[in-house]
Structures are given as structure tokens and as C-alpha cells.
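Okay, got some structures for you below.
In what follows, chain A forms one complex with chain B and a second complex with chain C.
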Partner chain A sequence: MQQSRLGSVLILLAVALLWPTVGSAVGGDEPETPTTTTGAAGVQAYEGTLTEAGEPVEGVTIRVETLEGEEVGAVESGADGRWNVPITVPGRYRVTIDTDTLPDGVDLTDADATTFETDVFPGRPTVVLFALGEAVGTGGPNDLERLAQSTTNGLKFGLIIAMAAIGLSLIFATTGLINFAHGELVTLGAVIAWFLNARGPRWPLVIAGLLSVAICGLFGGVLERTVWRPLRARQVGLFQLFVITIGLSLIIRHVLLIWFGGQRRGYLDYRIQTQWELGPVSITPRDLAIMALSALILVGVATILQRTRMGKATRAVADNVDLSEASGIDVQRVILVVWIAGAALAAIGGIFLGAIESVDWQMGTRLLLLMFAAVILGGLGTAYGAMVGGIIVGLVTEISTIWAPSALKLVFALGAMVLALLVRPQGILGRAERIG
Partner chain B sequence: MDFDVIFGNGLRAAIGPEAAIFALLAIGLNLHWGYTGLLNLGQVGFMLVGAYGLAITVATWGWSMWLGIPVGLLAAAALALVLGIPTLRLRADYFAITTIAVAEILRLVVRSRPAQGLTGGAFGLQGIAEPFYDINPIPRGTYGFGVVTFSENRLWVMLVTWVLVLLCTGLLVLLTSSPWGRVLRSIREDEDAARSLGKNVVAFKMQALIIGGMIGGLAGVMFAIRASSANAESYRSTVTFFAYTILILGGAATRLGPIIGAFIFWFVISGVESFLRQADGEGWLPGFLQGTEAVGAVTFILVGLALALLIVFRPQGIFGNRNELRLEA
Partner chain C sequence: MTATPLVEARDLVAGYVPGVDILRGCTLELHDGEIVGVIGPNGAGKSTLIKAMFGLLAARSGTVHFRGEDITFSTPHRLVAKGIGYVPQVANVFPTLTVNENLEMGTYLRPREFRKRVEAVDALFPRIGERRKQRAGSLSGGERQMLAMARALMMDPQVLFLDEPSAGLSPVFQDQVFDRVREINAGGVAIVMVEQNARRCLEIADRGYVLDQGRNAHTGGGRDLLHDPKVIELYLGTLAQAD
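Now for the complex of A and B:
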């Protein structure tokens, strides 16, 4: 499958947003009539007409899938070049043209523009234009360029996973708790930022994000003080605590569903950006900034863990609770700080992910297994392990799309985790050779 | 507000085939977790494999449904083997995370485009259970009283599934009261003690995983027969969490726990849903709770709440024995 380029996606998003004023702006001489509804009236769908030099192109496969790569429909263009994929749930989808099914001699004018991510709105069709004609430019990227691009995407995704997973790992290390509700902290961060940015006071995303991180950190602290600490004091078993996190995750997730709704939404800021071409890699300034910020935050966390009293105490508690307590460390306070910081980091991850892709009520839940994969790969219970593991998981996820269908990219990440468990159950930075 | 309807809807769900299928799932989990202490969070994976074993045999390969059912069960046993060999030696938390990851991998693979030729991808497989309904001895019609009514086909699935539930319960009673079952319990209580007595702990765990997994596979087979189709979307991890709620509700490591739990779970879930829909219809609900999406979400919130509160305040379940299963240990 062709690598999807964010730039063309954003340009097309602009086209989709400007529709119906844009008729045949893209591509050659397309007799596109955006208001035509080939599907049943009142049913949302993706549709379009494939033509090359005024002639309809028949038998080309168009696929529609969710942003996670789950296919919702596929159709072949008809004798008049028209195609229509009805959509049951309005939202944001990825529309792909299968270039293998193009007739000989017909290509996309932009070989990279095989995939578009656009919104489909209730009750009306969204027109997606695939511009066919002579291929312009150098054609498809070569393998090395694709590797460079996937590595960049993987690093971007991996840094976010790493950030979100630190809390998961440190909470486990200090309290033994596997927090199944950690994904919901990610969603919570993204949703609160969305509310402050796009719904409520409409503050700029930077301010909304900072406030959301603070609220989520506070939420983590409140959870620790009102739920986990009393339960630990009651000597409730670890397994029971684990089941409680499952219950908590169901509660938070569905409260968010009621509040936020089932659809995907985006932030108001940094939506449409022009791609920068940095050598073989193209990236939007927004994504580049997010990568830089994530890296900075990870370095910051590492510095705090390494240099400050609190950081050293955290590592000590993570290593051995009883010994730390005996040497005078206030373990309960460390755990509280870990909860606050972990929840805040998860929220940052959620906001970044929401800015890159979109915000929805299940985004953190989908990330949870990847965070577990990261934590286990890197070594359960170590902060640095979570970082290393997160980046590896991100890289595996994206690089696998070079030669495997993108629908299976999560399978590769989880498969890497299962494989790591077989070979080295303690993880890359597991106890045997732990840093620090 | 019609409380007869609410009660009726609850009762219809509580004795319906879905409750029986979840009881089967919970029986499998009861052997895994209740008796052996294996925290299997991927029970839905066994269900998926059972359902798709049947569905692929019938819809893709065109063989008989009666061959498909053992294929589904064997596939579940195979999954238990594949899953157990690498993970049963690991610590309990690793086992838990691996099982949920494998269940999720299975769902993603089954619904992916490359697998479409075999599994039907996102569209699933249909028309797999005609022979089952062909031998339905119940004459056409609607049976029941009030709102608690079932069509002849639903009644047929329901009866068969509940009979299977009773058979599996009986099997579990026999197994767990045998010396073999006592070894399982000793593994749950103290793995090292069992090992020091010369028991091959991994082998016992593996046997428990396979039997419980096959019961989960049977639940999947019946789930596929019930709808005469298989679709990957039905096999999300929430199904496993529902099964745990049922098991904890009824009492883990008890004989009738899964049945009682499934009955109460479905009665409450459907009753609450029916209540909320009526309240929605009468306009009693505040704005943010209106609409079908919110009603569904409230049900999930209640499940989460029930799960969390039960495990803290009554971990032995409603009828369980606190001394039988000491989670605090």
C-alpha cells in the first residue's frame, strides 16, 4: 500500500471543507458535479467520479476505512466512472484508491495522493476527488524514502506512547497496581483540552492544553488519595485493585461518551498545515513541534528522576518499597507524586495525539494495549524502560506498514510484545541490567 | 412508566440465549480464575476462535455445520495450547496482559482485509447455522407470556444453550471435586506449595486453560449459531469484562456462581436499559442522558460500578463463601 502523506490529506481536507465551492479544482478536466447524489438521498456517503481526460474510468477499487484501519466499505467505480460508499456512522474516515486496479496507462497525477482523510457529515455525501492523468514528478517514493518517512511517523507515535506509558510503569513499580484505567487518563486529557479549546471558553490550544494537564494531574492525585490509598490501607489485594481499575475504566470511558459523544472531533488550532519537506521526510510544523516537545518532556522526566531528591526517591521506591520506607523515604508521598505526574503525562500524550489525529472517547483505550506493550517490552516497572519500549512500539507499528497492510500495524506491535515475553520476559531494561 | 414491561424485559434477557452464552463463558473463567487462579483476560479470544472455527468451516469451506462445531472447539483448545506454552510460566500479571493482547490481535486479524477471503473481514460470515434450525422440533409460533416471548428458533437456541450450561456445570462439579480439582485449588492458593509436593504446576494449569478455553469456545459456537453469523465486532474485550462481572457477581469458585451471575447480570442490565428507555420516552431524563447512545453508556457505567464495588465489599459474590476464595491473600 502506498504511504499516505499528511500533506495531501490536509490539502484534501481543505478541499472537503470548502466544498461545495470547489468543483474541479483538483486534477485535470473532471466533470465533477459535487451536488450529485448517486446513493440514496439522506444517507451520508463518500462518492466521486473517476475520469481521465474526460473519459470515465471503470473498475477501480475505492476503499473506506476508519482511522485505525478497519475497513467499512469498498466499491468499484461503475461504467460512468462513478463510485459511492455509504457510511452508517458519520465521522472521519480514510478513503483510499487501490492503484493496482487502475487500468494500464492511467495513474494518479500525484502518486502519493492515494489516501485522503476527510469527514463525512450526517445525511449528505462527501465528495472525494482522485485526480487521474499523467503522473507528475518523480512518481512513488523509493524504499529508502518510505523507510525514512515511516521511521519519522513511528518516532512521533512512539514518543507519545512513551510519555503516556511512564505513569503506567511507575504506578506499577511503586504500588504493584496494573492500572487498566490509564488509557482513560489519556482520553480525559484530550477531551478536557478539546472542551476548553473548541466548546467552552474557546481558549487557544496551548492554554487549554496546559489547563487540561493540570486538571488531569489533580485528578490522578485525587484518585490516589480517595480511592487507592484507602484501599491499600484496608489491605485490599492487588488482584482486587486490578479489577477495580477495569471497573473505573468502564465508568470514566462511558461518562466521557455521554459528555463528549461518539464522534471524532478536532481542536480548533493547528488544523490545516502545509507539509515541510525535510530531505526525504515530509512533516507538518505541528507534528515536528509535538515531536520536539515530547522529546523535551521525556528528557525532563529523566533529568528529574536522575537529579532531584524526589526523582531519586521515586526510583528507590520503584526498586524496593520496604527498603525505601526503612531508609526514611515518605513512600505515600512518592506514590502521590507518581500518580499526579503519571496522569499529567498521560494527558499530555492524549492532547498531542488529539492534535495529530483527532479526539474521540476511545482513543486512550486503543492506546492502552500499546502502552502495556511498551512497558513490558522496556521492562515492567522502570521509567526508562517505558520510554525505550514506547519508542520501539511506535517504530514497529509504523515501519510494519511499509510491507504489511496498515490494518495489521497494531498486531505487529502487540506481536512484538508477545515475542519479547518469550525471549526476555523482564524486558529490555528489566531488573537484570537496570539503569540507575 | 410500565414496571411490568421493565420486569418482563429483564426476565426475558435473564433467561434468554445471551445470558446462557455468557454463563458458559463465565463457567470457563470459573475454572481458569476461580479454581486455578489464572487471570485470563482473553476469554473472548476463545469465544472468537470457537465462533470463527465453525463459521469458516461452514461459510468459507462449505462443509457441514456438524463438522464445524468440533472444529471450533478444537480451535479453542489449540489457542489454549499456543497461548499457554509461552505464558503459563510467567508471572500472573504478564499472563493477564498477554491474554488480553492475544484476544485483541485475533480480533484485528480476523477483521482485517488480508484475511477477508477466509473470515469475511469486516463483513463477517453469514448463513452458518441452517442445519441447527432445520432440526428444531418446536413448531412455529411465539411462546411465553406478556413481553417475555420467544420465537420458536430463539426458544430452540435458548433451550440447547441452557442444557449445555447445565452439562458444563456438571462437568465442572465432577472435575473440581476430583483429586485433580484439589490440585488446581492448591495451585491457586500457593503455587510453590503445590510444586514442592511434586505436582507439575504448568501441566495442571495448561489442562485447566484448555478445558476452560474449550468451554469459552463452546460459548462462541453457540453465539455464532444464535445469530447464524460471525462478526469480529462482537468479540471486543468488554465481553471478557462482562464475564468477569458475572463470575464475581455469582461468586467465583462456586458451582452455580456463573449461572446465578448471568441471570442477575442480564436481568439488571436489561431492566435498567428498559427503565432508561421508558424514562427517555417520558422525557424524565436530563438533557445529557437523552438518546440511545447515552442509555447504552449508563449501562456500562453501572457494570463498572458494580464490578468495582462488588470486588471491594463482597469479593466472594452474592452467594459465595468468603473462606473458599480469599482474594486478599
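Now for the complex of A and C:
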């Protein structure tokens, strides 16, 4: 027993030590251009695969030269799009793609990125990526046009964030609860609408969407009545409640994963649309309608909060729960309404986002951080703050993509939040209270 | 005095933290047209008594009756509908709402009566009437206390619970508060007033309760307590004797 265990440990050790050799041997067996198996001098090489829209691109010449301009090797990409230029002396070289050999209709996405200077290290290949696809560099929009387009996209995205974040803010304001599962309400709205539109009864998206919003509102109300109200009545601490929302978020998300699957899906309606060119901005009628509807809904929510009895009561409860009770307001009922309306608004956000992009089981989770940024930026606990914050976050994330890699979008959103808080610690619309 | 008190709290036990009772069997009666003052040292349970009576804090034992009806476990908003008003000591206005909206919240249960009531309340607190469009959060402490009382009066209550209405106010505003309390009472509202300012409170109170460590220590007429040597020694200080 003892010996066999020792034996397996030794075997593992041997495998671990030999791994690089094993790896390179396997690498040599892979179908590559025949010139690569030079063997003796080592396996260092420049290599890559040329594809456009998932299809391999064959017959494109790649040249490698020293920094002094002396050619070291040239090769054409194979039928699988792969290319490999072996290098005898490790060091720094210049790798160039010959754009003249590109097939018709295939361009570099960045027309200037024809040459890379990189190092090749002993014993292993260095991968060089040439991104092929639609050219965006030349003949594309100028900075001002890109700004106009990004602003439009940002506004579109921001309106959706704003709508979804209202509930997050008002739930916090009226109950103190930080609802980590708010993103899942967004996903749920999109997924239920998708089911009614594309899978189950195949109703038009408008009807499927309205029904989904109703179902999600009801779900929010049921959550409040069966989970949050009883827990509040038992005086469970806010931190404990916060952790429960994390659990709830995981449960809903994974139930959706099982039911809906991990892939991205789209609605059947409003899928393919011709872009309208409005000056420098191009936008689909669908997206324009979504922006108009979102704006209308936000104005509607603001009007309700400002003018109606229930709206004023909601603001009162957000200000001071005990005083609301002492004024005759049924606080628990107001909280129930906030949950129903908040969940319904999140669902609308999800459906709109699903129509613009696609529906997947994590879409709300990805939105959550932006919603938090929006709520805090705008002023924690005020619905108007969530609206303003949402729109700012949307604009900042999209406009940042003009100059910065879009992977850094979130960083810019959170950066904007930090910056705003440095200037106004209470948030843009949060109000510092007079003391005394 | 009528046979059944307007409000009657009997042997109330209550507290905030499980296992720690702040009130340890307090009793209080309020009759029609009365001002009742509740005084006592810090931590005696004065504010706790008023919160337990108003349903903001669940009673652990004991009962509260309003006109003979058991209201021990009623929620505050139901008590407001029955005709009881309450003004907290701190956080007594809605800061992000305008003064007007604060008053509207006062008639939340009977929005139709807003116009009529707001005139009556404006007459009592002219200073609030001038600031109707202003956010309540921008008012001074004294103005807030006035607005808080105005809001509580919007429902035309029969009973008003006031939690330390003069706390933290300048002497001028304190005078105004006690004057208003008397005026409100003259209008037929029975008042329970918890006060740190024991002497001023007892001066206008018909009867007073002295609480100590969550229990009734002394009970009597306002003026009588003011001159009771024991109360003076324990709670009013020697300055009172000089008067």
C-alpha cells in the first residue's frame, strides 16, 4: 500500500519534470506547416492562426525579419489558417503581415497593425495575432461622430440602468436592505419574456414582455411577503439580510441556468432591423423605441413619486420609517408596493436589454455593479439619484470605449462614481441634512 | 375627571435589546383635556414609555387602553387613525420632503381634510406657513419642532404624545414650544409630554409622573410635584428651592 503510493508519487513527479519535453513533443505532432519541424535548433518560433469571422484565411504571407531589416523567414498560412515561422536564434524580431496577399474583402481590423515587434524565447513559440475583419480604421467615423454614436449608445444603456436601479435604491431607502439579488430580477424579466416569446406560447414580444413584467412584479411582492417582511419582523440584522440576498441571487441565477441554459438567446421579434442614419448617429428603430419608452417610464415614475399620495408616502418612508408610521402611513404596505414596482422596473430593464443585446442567465449579474455605481453616484436612497446616476454611468461606460479598451468600461463607471463622491460625498442628488 | 381615562397604560414592561427591560412596570393615566408631564433622570424610561404606548415598541407585558379599547399591540398608523398623534424627539420631520409635503403626510389618512386643517395649523404656527415650499431638512431645529407638532396636529387628534419637545432648542424657542403646547391643549387636545426640562414641564402640566429606573417614583399634580421636597432634591435640583 505504502509502496504503491510512493510509486504513484514518483510517477507524478517524473511526469511533472518531463512535462515541457512531453509538451513540445506533442506540439511537434500537431498539423503545422511542414517547414516547422526543424527540430535540432529548438522549437522557438513565431506562430498564429489567421481567421476571419471564424473561418480560416489561407495563403497570406507572414514575414519575419530582424530589427535591422534582414529577412529571417517567410511563410504562407495553411488551409487551417495556421502559420509558423521557426527561429534559430531567440531574440527580438519584426513580424509583418503582407496585406497584399489578403483575399479580397478581408482586411485588418486596424489597418495600421501590420507589423509587431516581439521577443521569441528559447524553446517555445510566440503567438502573434493579426486581427482580420471589417476595417474600422480608415474610412470610419471621425472622433466627433464616434462621440455622438457613443453618447447615443450610452444614453440607451444608461436609461436602462436607471430604470433597473430605481428599485435597488428605493428598497434600500425604505428597508435598509442592500439587495444583491436585484440583478437576478433583471435576468428573470428577460428570461420569462424570452420563454413566452420564443419558446412556450410564442406570443408577440410586447405581450410576452408585459406578462413578464407582471410576473416579476408579483415575484417581488411574494419575496417581500414571504421572506423579507417575516425576517424584518424578527429583527434580523441588515448584514444577515444582505448575505441572504447573495444566497438568493445564487439560487435564482442557477435555477435560471438549469432552465434556460448557458447560451445567449434572442427574442423572435425585432431581431434584424435596418439602421436609421440620424446625422452622425445610426440607430435601429427598435433601439430608438426602447430609449423613448425608457425615458417615458422614468418620467412616469418621477411624476408618481412627486405627485401621488403613494409616491409621496414612498418618499416619506424613505426619509423616516417611524415618523411615517406616526403619520398614519401603512409602512409595510408602502414597502410591498416598492418591491412590486422595483421588481417590475428591473424586469422592464431586462427585457429591453435582452432586445438590444441578447438574453443570458448572467445578464443581470453583470448589470448589478453598474446599478450599484448608479445608485451611489446619484445619491443613495433617492429614486431620482438612481435615475441620474444610471444615465451618467451609461454615458461614461460607453464614451470611455472611444479612447480606452472596452474591457475597462466598468473601471470608468466606478471611477466616475469615486470622483463624484469626492466632490459630493452624499451623491449627486443625495442631500446633506442641516443639523440643528 | 371621567370614569374611564382617555389613555391608560398599566404595568408596561418594554425594552430594545432582548433580556434588558428599560420600562419595568410603568403606569400612566391621561384624562380628557389634561396635560400630563413625564419627568425623570436620564435613562428613566420616559421616551421608552411614550414609544411603548404608541406601539413603536412592542410591550413585553402590561396593557395600553384608549377610551377603554385595548391598543397594546396596535400599529402606530392605526392609532393615528383612532386619534392619537405623536411627535418624536429627534428625526421628527421628513427632511427631503417640502414643508407642505410634510403637512400632507400629516393628513395621509384623510387627504380631503388637508385644506381645512392646514389653515388651522397655519394659524397656530405662522412661521411654518411662510416656509411651505422649503425642504424641511433646511429648517432650523426650532422650526422643525414646530413643523413636527403641526404635522401631528393635521389629523386633529384627541391625544398628542410629545417626546421632549424643548430638547436642544434655544430659550426663546423653548418658550414658544411650551406656549404652543398650552394653546394646543386649550383647543381640546389631551397631551402627554415627556420632558428633560422638568420645571417648565410641571409648570404647565395638570399632573406629573416622575419615573426612575423604569418605574413610577412619584405621581401628583404638576404644581404639587414642583414643590415636593423629595422631587426637588432628587430631580429638580436645589435651584428650584430658591424660587
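Just so we're on the same page, the second predicted complex is superposed on the first by the 291 of 436 C-alpha atoms of A that agree within 3 Å, B and C clash if a C-alpha of one lies under 4 Å from a C-alpha of the other, contacts with A are read in each partner's own complex, and residues count from 1 in each chain.
Here is the rule we use: contacts are C-beta pairs under 8 Å (C-beta built on N, C-alpha and C of every residue); 3 or more make two chains touch, one makes a residue touch a chain.
These numbers come from a predicted model, not from an experiment.
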Which of chain B and chain C A:Ile244 touches, first, second, both or neither: first
Touched partner set for A:Glu55, first chain B, second chain C, both or neither: neither
First, second, both or neither for A:Ile258, with chain B first and chain C second: first
First (chain B), second (chain C), both or neither touched by A:Leu380: first
Which superposed partner A:Asp80 touches (first chain B, second chain C, both, neither): neither
Residue contacts with chain A in the superposition, chain B compared against chain C: B
Overlap of the chain B and chain C footprints on chain A, listed as residue numbers: none
Chain A-facing residues of chain C, complex: 54, 56, 75-77, 80-81, 85-88, 91-97, 101, 104-106, 108-109, 111, 135, 137-141, 151-152, 155, 168
Chain A - residues contacting chain C, complex: 309, 312-313, 315-316, 318-320, 322-331, 382, 431, 433-434, 436
Parts of chain B lying in touch with chain A, wherever the complex brings them together: 39, 86-87, 90, 93-94, 96-98, 100-102, 104-105, 108-109, 111-114, 121-122, 238, 241, 244, 248, 288-289, 293-294, 297-298, 300-301, 303-309, 311-312, 315, 327-329
Contacting residues of chain A [partner chain B, same complex]: 63, 69-72, 178, 231, 234-237, 239-240, 242-244, 246-251, 253-255, 257-259, 261-262, 369, 372-373, 376, 380, 405, 407-408, 410-411, 414-415, 417-418, 421-422, 425
